[in-house]
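Both complexes below contain chain A, partnered by chain B and then by chain C.
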Partner chain A sequence: MAINWGFNIARPRAVDMDANDLSITRRIMAQMPEFQACIACGSCTATCTAGNLTSFNFRRVHTLVRRGEYEGAYEEMGKCMLCGKCRLSCPRGINTRGLVMLIKRELEDK
Partner chain B sequence: MRYFDSFVVPFAVGALILFAVVLWKYANWFIAMPRADKKRVARGIFSRRTAEAVGEVISESLLHRRIFRVNPLLGYMHASLAFGWFLLIAVGWIEAAAYGLTFSPLWVHVFFRWFGAHYGLEHAAVWGIDFAFVMDLLLLFVLSGVALAWAKRMRSKMMGMRKTTRHTPGDRIALSALWFIFPARLVAESLTAAIYDNGGFLTGSLGNGLLRLLGPEVTVSAEPVAWWLYSSVLCIFFVAMPFSRYMHIFTEIPLIFLRRYGITSSEKESSFDHFQVEACSRCGICIDPCQLQSQAGYDRVQSVYFLRDRRYGMLTESVAENCLMCGRCQNLCPVGIDLNTLRLNSRDTLRNTPNERRYEYLRGIDPSHGAGKVGYFAGCMTLLTPRTLQAMERIFSAAGEAVWWADREGGVCCGRPLKLAGETDSARRMMEHNTALFRKHGITTLVTSCPICLKVFKEDYDLPGIEILHHSEYLRRLLDEGRIGVEHGAESFTYHDPCELGRKGGIYEPPREVIRSVGELVEPAQTRENALCCGSSVANLAIDDRNQEKIAVAVAGHLEATGADAIVTACPLCKKAVSRGSTRPVYDLSEIVAGHLKESAPADTPQA
Partner chain C sequence: MSKKVIIVGGGAAGMKCASTLRTQGVEVLLVERDRTLGGKLNGWHKLFPTLTPAGEVLDALKREVAASGAEVMTGTEVERIAANGVTVNGGRELKADAVVVCSGFDLFDARIKEEYGYGIYDNVYTTVDIERMLNEGRVALADGSAPRRIAFLHCVGSRDEKVGQRHCSRVCCITGVKQAMEMKELFPQAEVYNFYMDIRMFGPGYEEMYREAQQKYNVNFIRGRISEASPTFDGRLQIKAEDTLVGRPLKMSVDMLVLIVGMRPGCSNGRFACTEGVNLAPNGFVSPLNPFAGNVRSGAASIFYAGTVTAPKNIGESMNEGVAAAMSVVEYLNAR
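So, the complex of A and B:
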């Protein structure tokens, strides 16, 4: 008997690395090994031109892609303007613009 | 048939194939050209432009003057091969004409030494010209070019080039044939000269030598073999030519005409691009100036390889994307190929994915503030160099300028980085968005401190009634009009020309004049058209951080070698990049102006 409490319990937001298909991630990593060095510091997002105007969050999207969570990532990456600010602020010297394009390229043909 | 011998067959067949293929290609490319371009040709054909094109064909396709300017020895090599060969054909034809053979088959002119001797024509100088002598002289001229070409292959440094082009198989066949054409011709003509006891100083004496060496019998039987060989290498060369780099020999000619009629390449590929791509001689002049090669060690991406890959349909994204579009190679290319635009439209072909909904979120966004006839667009990169922004604020206020700030608190990118990435149609949406904002706020002057934005505003935005200025031009104007006053200090500055501003925007003087008004200007060794690229250009989508830094260090070292106290540039991205490699301070132009402002500026009340 289902009781309507007016609220329910959220599904846990845990990323299950065992369940996720990491093949695309591996391809991305192979083409841009420097992405391994990302420390998810968020500098890219803090400086992001598109992020200043919308809820687009570059770190969130690329971190999820790294964990094999591809859903919606292609559309989100489409919001990036490729302005290049993030690249200049990334402390790990990651070619973030190249990463945007690479993620889009890999997810497009999924 | 009167003037005929079987050895001319390979030559005749080769020449026929050559002309058929070349004409077939040109006809197809021309037919596929857009209507507007064809109209331009029709309008230009009976104008002065045709005469100008003829002049350029002579000076470039034959004499190769532009190569001379870059590298005299290389220029001589190209000119001796092209012009020498042309003269051999032309004088050979005149010689045949002198015997009344003006309209005889092509091979009679080309192999005139053979026909002349075997048909008993060659008795004395005709029209007072010693043709045997002239033809030998020309042959020597061409052979000297062949010798240099050999030397260039062996040791490119000898020709003043660090690197020389790597070949495709088609090139190798054509090149080997080309190397043997003239030596084979020399031997064939010498043997004939030996038998008929004629020939000039070169063929005559070599013929006598061969006769003594081989004896009369061998000489007589070797002669037809030598002519067959000569005709065959010509055939091989002719057949390989349209599929090799030597297609440039002919293609440069229609290219020059079409260019003179005002046809250009654009952000989308068009059929005209074929004329540019196949006019590349793979001379390799574009390799040495490329900093990706000299500093970063990427040696498969230079324009010569890009064009080759594109021509043979094997262009990869990694080659198309690995280019700073600095224009250093284009600046030196002797054929004047529009290399940046071709790279750009290749990226469009590879990447452009129109998506109407992609930038929906831009609708209604207007983070601008302030009001004034002058709009200031900082650009994304200036927002990352806040000192430039602050300096501009001080200057605007000192000049009493009412300013509309387009993006001080963040705004929409100008669209050029996206366009440079090949996403042409999406970039349009940003351009439309910004254009609407400029219109809405009624500005009449648009100032930007970013040359990347400047370029796209000027070239891709449609902004009639709005004057577009780089801040260097605007600062110069304020100084000229006395709206701001600056103290001239004792420091010395060296100036780094941003590629987008200098080579690609033609703005060299304004920043220099501004620098001179506040201090001493010391030019680096490579400056203006030859200025180095900072290495961080947004046009390069593939270069990694380490290599960007390597280039930055080299550039900073080059600028520091002037001994100047500080480095000045006029681009926020260059400033960021050069600072990484520099031990001296690096300023934006606006910073040194703001730092030297006179307290009692001539203008009155600053704006709030």
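So, the complex of A and C:
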């Protein structure tokens, strides 16, 4: 009989760049090279309609995707309403709305 | 009788100051500690943001100085400065009507940041080592192989009060970006990561170069200071940082870790500050009379400054200050 001692084992929180498979990231980058120029300023997140109503943080999720942390990213991107305001505010001229669709496409069924 | 000026230090600022003073008919004695003129420029390969060979700039300066007729005294260290001259090693006093201090900066000794293992582990380099290896024409790991993953760490010996370096050294950000691009040119298959706290692209063409590093060379920028490096069983280096933009710790193994070292106040600043009118700022650099109209002047009317003796500067700024100091000296001499 299993006894619940009230403890469990936590998974390491570190982003492990040795263990992570970056192949999807490379595919995303190849399709949208302008994404490489992101300076993580957060203006996309600041202007985000969905982010103002939910915990959706576009800048954080796409940064995680760049590090090969794909878990939950597809579901997060589902919160985007594709209004496109982020694209207007991006100082590097990245097609952010296109990036949402691209990440969703690449992470579908993953 | 013509007036005589002693310039302390034959780097970019001192050389420019010397040739400018000569155009104004002033007698110049340029005193340099090392055996050759040029200062730190001697150790650099290509200069940001244009990738101009450092030798081009240095040769032009040397030609200018030689053609100007300035007297040059190398291998001579200035021990003390005074309102009417300097004392060089051996106690010899040299008289002058004015003194321009262009004694520059020192490089931060990366061994002080022991947690990064410089001088302890193989394949931990500084940006200065990279310049040297580029000049020697061969960049490789200790075993001679090519790196597959390279990490650059910004702000080593800058913005770090723990090692007495509270200031920003300014030029290291762009140096790190430049070298990241150079590494991608040499090793196109390698992944390059730059770990930064802030990216400070203050000069013309710098931001453009940063963007080029991202866009054209696919250099990855991670915001977070590496906390430590340790060797792995397979001879690589494991580094740890926080990816502060996602709020999670991050670790990775790399083949090469490059520490982007900052500027320390010159080791002679302390003894120069024994002179009336020469004062140090809290960060150890020499403090000019005021940071606007008097940034090449000291508290003593006949002592002037140019270049990185007063603060971290790039080469163009140092040379401009050499000209500015020369003109201030001329103004002072004419008014006497």
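Just so we're on the same page, the second predicted complex is superposed on the first by the 95 of 110 C-alpha atoms of A that agree within 3 Å, B and C clash if a C-alpha of one lies under 4 Å from a C-alpha of the other, contacts with A are read in each partner's own complex, and residues count from 1 in each chain.
We take it that a residue touches a chain if its C-beta (ideal position, glycine included) is under 8 Å from a C-beta of that chain, and two chains touch if they have at least 3 such contacts.
All figures in this text were calculated on a predicted structure; none of them were measured in a lab.
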(request) Mind checking the superposed model to see whether chain B and chain C fit together on chain A or clash? (result) fit
(message) Quick check for you: in the superposed arrangement, does A:R59 touch first (chain B), second (chain C), both or neither?
(response) second
(message) Contact-wise, after the overlay, does A:S23 reach chain B, chain C, both or neither (first, second, both, neither)?
(response) neither
(request) Could you look at A:E34 and tell me whether it touches chain B, chain C, both or neither (first, second, both, neither)? (result) both
(request) Classify the contacts of A:R13 with the two partner chains as first (chain B alone), second (chain C alone), both, or neither. (result) second
(message) If we overlay the two complexes on their shared chain A, which of chain B and chain C does A:K79 touch? Say first, second, both or neither.
(response) first
(request) Determine the nearest approach in Å between the Cα atoms of chain B and those of chain C after overlaying the two structures. (result) 14
(request) Once the two structures are superposed, pull the chain A residues common to the chain B and chain C interfaces. (result) 34
(message) Can you tell me which positions in chain B touch chain A when the two form their complex?
(response) 317, 321, 351, 353, 355, 358-359, 361-362, 365, 367, 380-381, 383-384, 410-413, 415, 417-418, 421, 423, 430, 536, 538, 541-546, 549, 573, 576
(request) Spell out the part of chain A that touches chain C in their complex, as residue ranges. (result) 13-18, 29, 33-34, 36-40, 59-60, 63-64, 66-67, 69, 92
(request) Could you pull out which chain C residues touch chain A in their complex? (result) 199, 211, 214-215, 218, 220-221, 223, 240, 243, 245-253
(message) Considering only the defined contacts, which chain A positions touch chain B in the complex?
(response) 34, 47, 49, 52-54, 78-79, 81-85, 88-89, 93-95, 97-98, 101, 105, 108
